[in-house]
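Look at the two complexes coming up: chain A is in both, with chain B in one and chain C in the other.
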Partner chain A sequence: MQTLRFRHTAKRRLSGKKDEAIIGVVASGNLEVLLERVLPEAACEVDIATPLSGYDETWKAVVAEFVERSSPGGLRISINDGGARPDTVYLRLMQGSALMEAE
Partner chain B sequence: MADWQSEQRARGERLAAGSKFAAGKIVAPNDATALLEAVIRPKDRICLEGDNQKQADFLAACLAKADPKVLHDLHVVQSGIVLPEHIDLFEKGIAKKLDFSFSGPQSHAVPRVLKSGKVELGAIHTYIELFARYFVDLTPHVALSVARSADRQGNLYMGPNTEDSPSVIEATAFKAGIVVAQVNEIVDKLPRVDIPGDRVDFVVAAPKPFYVEPLFTRDPASITEIQILAAMMAIKGIYAEYGIKRLNHGIGFNTAAIELLLPTYAEKLGLKGKIATHWALNPHPTLIPAIESGWVKQIHSFGSEVGMDAYMRARSDIYFTGRDGSMSSNRMYCQLAGLYATDLFIGSTLQIDLNGNSSTVTTDRIAGFGGAPNMGSDAHGRRHPSEPWLKAGREAVDGHPQLMRGRKLVVQLVETFSEKMVPVFVEKLDSLELAEKFKLDLAPVMIYGDDVTHIVSEEGIANLLLCRTAEEREQAIRGIAGFTDVGRRRDRKMVERLRERKIIRRPEDLGINPLDAHRSMLAARSIKELMHWSGNLYDPPNKFRNW
Partner chain C sequence: MEDVTTSGRASWFQATARQRVEGLLDPNSFTEFLGPSERVQSPHLHLFDLPSAFDDGVVIGRGKLDGKDVLVAAQEGQFMGGTFAEVSGAKLVGLVRAARDHRNLPQTVLLLMDSGGVRLQEANAGELAVAELMRAIVQARCAGVAVIALVGGRAGAFGGAGLTTATCSRVGVSEQGRIAVSGPEVIETNKGVEEFNAEDKALVWSTDGGKNRRLLGGADAFAEDSMEGFRAAAKALMAKVPAFDLKTMQAEQERLAARQKRFGACDDAVSMWRILGIKEPEAIRDMDSKEFTELANSIKECNHDAR
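Right after this comes the complex of A and B.
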């Protein structure tokens, strides 16, 4: 099991009022994402626990792309990975932030 | 004196030789190999059907048992290299030369026999390209066909799997060739006549019903949320945008997802009756929910699909059926329909390069082409206008030219990574390496980049019609290539500019909520649910019955 942590400064606070959301499941090729609105305005922290090593650069790129496109300021995000492909990880992150933005 | 009847005389000799093993036209199964040794001559061109789906498997086994001292150097001209016996013919030296179209299940064996020098490869064709050559320079001397039943006059009933037979038999029979058919049974009266008996010389009742490969059954249980997301983009960003009514789908899970989203997601968008009404399509079980919900007006099919017979018979408003009530297919006609009468082809592929060329070839696998290059190409002989065709044509040019041709929409629907994290987007197709390895004159390309109008991945849609330079095209492709190396080497600024010009559109640009990318959006989530949708008329093959 490998753990990774990325810290970003987003462009702005993610809209919406939800404090917490969870999406996905820990299963082979899938992942579980927990999102918590616990950080200051623009801060964003992503913690990843993954069974596969050697994909640090890909994780870094996926998280950076997500922060760039959806500006998840204020969120701490914890990922429990089951060996998901980067496209699946990205979709889960987008789904998670959509849940947090829902009224 | 010139001899203008030599072919007919040779045919007479072959018939006489074969008749020793026949009572009228009927040949006993045990005599089938002897019959073939009598009517086929060394170096003959033979077509051993060999279609996309149905297989003359008994005749294939009989021919593979022939004595290579009697039958050798045959030139095989058939669309499908599907059965192990098709390969055996070359291993044993019975056949030498090969012109074909599709080799799905034998795609690993074909390069093996090529490498061993036992096959002299003519060319790999699309279906109608090979059928066309049957009438010009690859006319079979002998055709070994397959039907459900025959009567004693040799009339043949094909059932739903007519497929290639009419094209093969017409070319052979009218050029003094010999036609042999294997049938499941010989009956007094046929349900309908698909091939008139005067084109058929010999009939063999095979000990077992002929084999049909279930090629078009996609279990909805295996459709992923990534595929659903891309399917939603195709529906909203292409089908709705262009108003696509007449179309063809490939056989992948990606397009199966579209079929299962019509009665749900597309219905919610108010698209019923406005898109996806008329189809050139094999009988995909995953289209059943859309048919049952009243989306589909009409379907013509290349072939059939295992388990769909009773359903199609009961839905004759939708499918083409014979006077006996059973469905009727024809690969030549349906390929022509897909080429000239549809406005969109959408299918998946294994590799796409930076020009949009796509290929299903990998360095150790030659799968052939089948029909995709034909479906996935712009027909330059088309002259009838339609809204989608004109809109696509307008997008491809600037200003208002005095003369303009429309464009068929040719869409590649892919995931950025295929199984085992293999990237679909590549700098260079493996096909080039394969061509070098096997000294092919032409690197196999499934769909050429200049025919592709759109590429859809889970990251977005790239509209190649709107690109004006090679650089724009490359960046449009990189811009939807996700986290593959090709995608990560994008020029981010240029990609943003392409997005402003709607050359690239992301799910968020199309107003697609990522939370809708969920399996609950599929009209059926399992084979069993497809069966229920069909009122239990659909009878899935055993390998798909997992309950």
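Right after this comes the complex of A and C.
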């Protein structure tokens, strides 16, 4: 297993009141994303556990793009990966932040 | 905004465990126990370089169905085949034991089965979990708890999940739901392709599938493959749970003995359906759920007080 951690400072706190959300399933080509509102205002941490090694740069780029796009300030995001493609990872991250923004 | 993945028409078969719980219970009534943020995960999978799941593939908690309090557990068939393992098994066992021991908890347990059996990487713990769960179900039923299995997921209910299902007070199944102990591939590997051809999907579904289970009395309700369908089936089953006493046990023994006598010589499902007096048994496969439910409700063998 490879574990990766990315720390970002988002543009702002993610809106919404939900404390926690989970989306996706650990299955082949899929992943689960757990989002928790536990960090200060603009901080964002993404922890990844993946059985595939050697994709550090891809993960880094996908996470950076997500942070830029949705500004998930205040979130700790934990990922259990089942070998998902980058587009699936991005989709789940966006779904997850949308769940956290729901009233 | 309505979530299409948990709305009444959404497919049960396609849904995840969490979506099923959401779609089955009354809106916003579910409270999870040991939720994903508590990270009660498998202590073994990382040793095999395999990813864990935050809930180890089982969602447990309490909620309401049609206003009635229920405990609920859902297996995630997409994660490791929904398998029984140390943590996922302990969550199921703990939930059923809690119902058994605490009268102030809901006295109905809904088990949303979706599992191929024991997780091979934690096989000893998984086998123990199955045995403990079956024992807990029997003890809970003795204490007056209704334990209801609902089967309609992608992994079906095989191995320990098939045994667990058969231990419950009542069973609901959809056409896509399969209930058995040895899976088709296992039978083919051990007994040869002449015994059971696992590639022949029509044969597999007509044998293990929900329609056959319902017609032979192995399931007490047939659900359409939707959240609404399983809600309706669960409600109907909750309304008629048999007492778990000597009379029920004797009735079950008699039912199974009569079934073996009647169908023991059959070598496929269609010939069993013919013996049941169904005029066009070949037409069963193409029947929609409404038509099939009416047929099943009209056959004596399908509607018994045993279990």
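Going forward, the second predicted complex is superposed on the first by the 103 of 103 C-alpha atoms of A that agree within 3 Å, B and C clash if a C-alpha of one lies under 4 Å from a C-alpha of the other, contacts with A are read in each partner's own complex, and residues count from 1 in each chain.
What we mean here is this: a contact is a pair of C-beta atoms (placed from the backbone, for glycine too) under 8 Å apart; a residue touches a chain by one contact, two chains touch by 3 or more.
Being a predicted model, the structure only gives us computed values, none of them experimental.
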Requested in this report: Kindly say whether there is room for both chain B and chain C on chain A in the superposition, answering fit or clash.
Outcome: fit
Requested in this report: Using the superposition on chain A described above, determine whether A:Met1 touches chain B (first), chain C (second), both, or neither.
Outcome: second
Report task. State whether A:Thr88 touches chain B only (first), chain C only (second), both chains, or neither. Result -> first
Report summary line: Vertex chain A, Cα centroids of chain B and chain C as endpoints: angle rounded to a multiple of 10 degrees is 70
Query raised in the report: After the two structures are laid over each other on chain A, how near do the C-alpha atoms of chain B and chain C get, in Å?
Result: 5
**Report entry** Shared chain A contacts, counted only where both chain B and chain C touch the same residue
**Finding:** none
Report task. Enumerate the contact residues on chain B facing chain A in the complex. Result -> 224-226, 229, 415-417, 421, 458-459, 482-483, 488, 507-508, 513-515, 517
Query raised in the report: Which positions of chain A touch chain C when the two form their complex?
Result: 1, 20, 22, 25-27, 30, 32, 34, 36, 49-51, 78, 80-82
Query raised in the report: Within the complex, which stretch of chain C touches chain A?
Result: 16, 18, 35-37, 46, 49-54, 57, 76, 78-80
Report task. Show which residues of chain A lie in contact with chain B when the two form their complex. Result -> 58, 61-62, 65, 69, 85-88, 90-91, 94-95, 98-99
